[in-house]
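So, here's a batch of structures to check.
In what comes next, chain A is part of two complexes: it sits with chain B in the first one and with chain C in the second one.
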Partner chain A sequence: MTHSDFPRDALILGGNRIPFARSGGPYAGISNQDMLTAALEGLVARYGLQGEKLGEVAGGAVLKLAGDLNLTRESALGTPLDPRTPTIDMSKACATSLETMIHVSNRIQLGQIDSGIACGVDSASDSPIEVTPRLRRILHRAFAAKTAMQRVKAFSTIKPADLAPVPPRNGEPRTGLSMGEHQAQTTAEWGITREAQDELALASHQKLGAAYDAGFFDDLVTGYRGLSRDQNLRPGSTLEKLGSLKPVFGTKSPQVTEPSMTAGNSTPLSDGASSVLMGSADWAAERGLTPLARVVDARSAAVDFVHGEEGLLMAPAYAVPELLDANDLALQDLDFYEIHEAFASTVLTTLKAWESEEFCRERLGRGGALGSIDRAKLNVAGSSLAAGHPFAATGGRLVATLAKLLHERATETGIVQRGLISVCAAAGQGTVVLLESVTD
Partner chain B sequence: MSAAPRNRAGAATGSSTEEIKDLADLPSFPAVYAAALDPRAGRGKSSGGKSASGDRRGAPELPQLAYRVRNVRIDAERARDFDHLMGGPATDLVHPGVLHVLAFPLSLALMARRDFPFALLGLVHLRNQVLQHRPVQVGELVDVECRVRDLRPHRKGRTFEAVSTILGEHGEIIATDVSTYLVRGSAPSAGEPSGTSPSAAGTAPSAAARAPDHRDFTPPRPTGRWSLAADTGRRYAAVSGDVNPIHLSAASAKAFGFPRAIAHGMYTASRAFTESRVDLSRPLRWDVTFDAPVTLPSTVLVAYEDDPDQGAVRCVGWRAGRGDKGPRQCFTVEVTTLDR
Partner chain C sequence: MTDAYTRFIRSAPGGALAKQLGLPRPSRLLRREDRPEPVLGPVVVLGASAGADQIAHQLLEEGADVRRRFEELRRVGSVIVVLDEIASPAEIGPIMLPLAGAMRTLAPGARVVTISRPAGDAEPSRAAARGGVEGFLRSLAHEMRGGGTANGVLLEDGVAVDAPGAIGALRFFLSARSAFITGQFLTVSSEAGSATENRSLPLAGRTALVTGAARGIGAAIARTLAADGAKLVVLDVPGAGTELSRLANELHAVPIQLDVTSQGAGERLVSSLREKGLALDAVVLNAGITRDKLLANMTPERWDPVLAVNISSQITLTEALIEAGDVLGEQPRVVSLASTSGIAGNRGQTNYATSKAGVIAFVDALATQLEDLGGTANAVAPGFIETEMTAKMPALTREVARRANSLQQGGLPVDVAEAIAFLCSAEAGGIRGETLRVCGQNMVGK
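Let's turn to the complex of A and B:
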């Protein structure tokens, strides 16, 4: 091949994940490496990749232990993949495995690699706990000491308070507010009701349950540690049950007159791992693999939330119009919308922003509103509220789910299908991806 | 030490009769506090030296004296620790709060003098205004001058200003830091001048800086929350050197009549400065009002407002209302970047 053959299509060939568990559930005591290895092993088994030397495995975790610096490499080495398969670790909060997918896609499109796996994992049960910065500095001084006396001197400065463990920070470092508190303000500003949030949450459980019942996940999920479905899934939940839950975010803020975000319409802390197999058309054909979708384009955006100029989780509301414009599409031209349910209200504020003339004119600098979407096309196989949200594993779940949906529908209808993935991330970031069905 | 008459062109303040006294080094905080706490000092009661306060029946006078320390190095490690405590990255350009704490022991020493008419520990920090003309690098050598001026009546007593001037090696003024203190309860006599004091920056205090009626405070939407642990005062003392016992622990604060420890005002001001995301390479103004003490431990809500047209960031900090107690504004901070 010459360089003029590029860029070429990067294709989604399939995916595999383990069922997502609630923090402290069946995967307590299981490490990120355990889970990522399990997800990759399932993918290798499903697509016959034993001994295969892939172009790259790109993975990551958000809550990552310092010792896991080569988490993806160590996980891949634990699978039957050719040990000469290179890996890379990446990180972008909740958008991590959407970004690993974009990374692999870009490499394939440019001809740098012919195949790859995008993956991600997170364990809220086994999150890193650090020592205090003061103790860390004392220990470094002690380790660097040349004499026993110097070492003793360094250790002698340790105070009891230095020994307190430091768990991961629950909140945005620059504001001290948790993600839920930030979103509670956005929810109140946009006037998103409790009922609308509970309805979205219920729909997520019902759709995920129905998709499992229909066997949709049979070739996307491999059971692990006694779990065969996502532990958080409550298909039998009702609006009454969801309505009985007490609000947990925004309850202390006078600006949030009616706190509406509960444990039922917010994602729980979760454990899990996901993976997506990708390749060029030739690579897939040589192995007899059926491409499901191609990666059309991707965008990312960030908002300035630090002094409250914009809501923390609103970045996708900016990234999606940019993505659509670049591809000459209207919001309504899409057949599937996968909008990550960090909170039910995140999805609802994003949709409401696109429906708002004022937001689209003043914030997006457009002539008018993007308009509303057909809700029947939104998160049709359930999403994070039901499945759970192991941060770096969510992107991989969304990509594999959407690619399969696109392929199925395109095969049924004979019409090319387009789908959007939108993921908000901590620190005011967002990543969005456009996929298109591929059929024979 | 040497004393020399002084009347230098371009000086920030100082009258022609002012004496300037060079100190070999910056005084240590504990020594200054120990002197100030010594009951035998009898400050504020005696008639003092001939150059300073008047006798009890007349109006008190501030000493016509400046303290100066030359060639003070701005310690890189201290600046780093200061930046880290404020939640910012360690920068090579110095946080103006570092300049404040650099000069603070010198102005304290001035106020701890026997001829200073007021008791040091009764002073209430009302306002702080910094005008910084150019950035300062860590490791730079500067001169520090401190003086007190502008004694005026106030509805709760009297106010005066402690002015610290940071000068570069060619004698140019790098920054002026004006702290306005309230001396409670010393009733002003008729005939003393009154009114709003001018600041070093030559600007009138903003509307927020005028004594607010705290019952009227309606908090804005918070953009952040500070969870201030009980050791906040000790941690600021460690980087600033300011070991004033009212900040260190509930026990030491009680010994001086405060039910709980109180956060250093300049900690809250410096943290808000860091969170204002200021371009430290620009000349800037940093204006702070202290409206109510922040007790420790406690939670403070903050709201920032960016004003790009004015090149300003405004912050208000308050404690949330609880039960019958309404929310209470604790401080306002405004940082304005200026044209070069």
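Let's turn to the complex of A and C:
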């Protein structure tokens, strides 16, 4: 093979995840490594990858213990994959496993590898709890001490306040505001109503429930610890029930006059793991695996939320137009839209921004609005509001779900299908991906 | 897997105490890995019929140490009593009585197998003779020691002693694979089936589905069938998906997550099989649950799921597999899990026993239906088996249940699996609608 053979297609061959659980639920006390190993074991079993030496397993976690520096490697070693399969750990907040997918895709496209797994895991139930920076330094000084006297001296400087454990920071380091509080400001700015948010949340539950009932997830999810569906899923919820919940975000921001974001229209803290199997066309054919979709392109963007110029979770609103332009597509040319539901209002502000002449002119520097999308094509198999959102596992869930949707629809209609994945991430970032169906 | 009592009894002081007090002293059962040879020799073939000669020749050809008399033998491994031509009860004694003097020479784990014919509609004298064999064998099984077993092969009239099913059943009873089966008969009703070519991998080239495979007896069945060379499709509920994946990875099996009681489960199974290009040569319907309560406390919540999983799902799955027309192999074998509770009934198990008695009748009817496809259906009825489920029984109840059989111990999941592996084999084609008990001759029912 010569270099002129590349880039070649990177294909999504399938996926597997464990059902997502609410933090403190059935996976409490289960480590990231346990969950990621389980997701990979299910993938290996489903696609008969026992003993396979893959090109790479790329994975990551957002809430990661210091001891888990080789989390992906340790997890892969716990599976029947060939132990000589290389791995890499990556991290980009909620976009982590979308980025691991892009990484594996790029390497396949360039011919550096023929196959790989993109994966991610997170446990809000087993997140790292650290000691205060002062105590850490005192302890290091004590460990480095040469005499007992020096050690005693170091320890004697510890104050009671140093002993308080430090849980992971629930907020943006540069603003001190939580993600929900940030989004509440964006929600208010864009005038997104409570009703619209609750309707989106209800639809997410209903669509995820219907997809499970139809067996859509039979070959995407492997039961774990007695859980066979996402624990957060409430297909029988109603607008009344959702409407009765008290707002939890926006309550601390004076600029938010009517807080509307509740536990019902925001994703809960979750535990879970996901994985996506990828390969070149030849690699798939040699193993009799059916390609579902190919990775067309990807973009990322970041916004200046620190100075209040843009909302924290608005980066995808910038990344998507760039992705579409690069591929000569209009927003309406897509058949499926997978827009990560960090909060119902994240999806709604993003859509509203694309519908806004002003935003598209002033912020995106375009001639006019991108326009609206056919809502029937949005998150058709449910999304994070219903499934839950273990940060680094969400990208893998979206990729496998969309790839299967594209393949199914293309097989039915005989027409090539295109789908978009858009994921917002902490620190004002966003990653977006374009997939296209593959059929025999 | 050995229980605490048995460990104690096997110690020197424990053994002495048990002897003094007349307590049960269970012997260690020899299983496949303990006794790999197919026939424990020397093997004595009793009987003067042409069939007896045929059996003796067959075993000789296979390299067994075959004798026709006990004289001078200090130790006997196996005894085959061929009674296929007896016409009156008086003929049993002369053939069988030489065994009396040899009982004390039987080796640990010895095997006695009778070969006779079911009474059927034979004339009165012949029927009495044939029926008599049953009483003889069941009593003998109670008298066997050292983990020895006694079982019988019943050949319908017209079935030759060297028919594939006859030889298959004989070999199974002689082998260590039938360690926890004693006092049982297996009827061979036709000469269908074919001899096993690859003795060490009897299921090579065959594909088998096991439902409820993620753990317990189901996992043991999958492992045993895989060890016998079968390609496995393992099925369990989605909630047990990760355990199922691990088993699939271990056995290089195809996992299918499916709730067998769900709407359209049969169609989903069929489409999964088609998608993967699989045709099943064996279907093991193992998925089962218990929800025990006295009838006085029985509710639909406890009754319905037991019936749904244990019997209704078997009906819908087999119907879908047969109707599909392209997902079963040439000579399909269906083996279903019954229970001794389905034979004798059990206090607190009206729901379970209903479902399991249903299974026993179901396989008989299904066997008739499968005949046209060259297939057959049978059931295995486990007695007390050491599993996670029985480990949760109250200690005293468990201890009583465990000892209430001729072998004075609980069986292992692998014992059930071995019986199923045999019924899935090519040889078992002539065995139809049977329910084989794997219970150590449990004191309940037949």
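Criterion: the second predicted complex is superposed on the first by the 440 of 440 C-alpha atoms of A that agree within 3 Å, B and C clash if a C-alpha of one lies under 4 Å from a C-alpha of the other, contacts with A are read in each partner's own complex, and residues count from 1 in each chain.
Please note the rule applied: contacts are C-beta pairs under 8 Å (C-beta built on N, C-alpha and C of every residue); 3 or more make two chains touch, one makes a residue touch a chain.
All figures in this text were calculated on a predicted structure; none of them were measured in a lab.
When the two complexes are overlaid on chain A, chain B and chain C sit side by side with no clash. When both complexes are overlaid on chain A, the residue A:Leu177 reaches chain B alone and has no touch with chain C.
By the touch criterion defined above, A:Glu41 reaches chain C but does not reach chain B.
Once the two structures are overlaid, the count of chain A residues touched is higher for C than for its counterpart among chain B and chain C.
In the overlay built on the shared chain, the residue A:Gly223 is in contact with chain C alone; chain B does not reach it.
In the superposition on chain A, A:Ser253 makes contact with chain B only, not with chain C. Residue contacts after overlaying the shared chain place A:Gly215 against chain C, while chain B stays out of touching range. Draw one line from the C-alpha centre of chain A to that of chain B and another to that of chain C; the angle between them is 140°, to the nearest 10.
Of the two partner chains placed around the shared chain by superposition, neither chain B nor chain C is touched by A:Ala400.
Shared-chain residue A:Gln185: touches chain B; no touch with chain C.
Measuring only between alpha carbons, the smallest separation of chain B from chain C in this overlay is 44 Å.
Chain A has no residue lying at the interface with chain B in one structure and with chain C in the other.
Looking at the complex, you find that chain A touches chain C at residues 18, 38, 41-42, 44-46, 48, 50, 79-80, 215, 218, 221-229.
Put simply, chain A touches chain B in their complex at residues 133, 161, 173-177, 181, 185, 252-255, 306-309.
The touching residues of chain B, counted against chain A in their complex, run 84, 87, 219, 221-227, 231, 275, 277, 303-306, 313, 320-321, 327. Residue ranges on chain C touching chain A, taken from their complex, read 237-242, 244-246, 248-250, 252, 254-255, 257-258, 268, 272.
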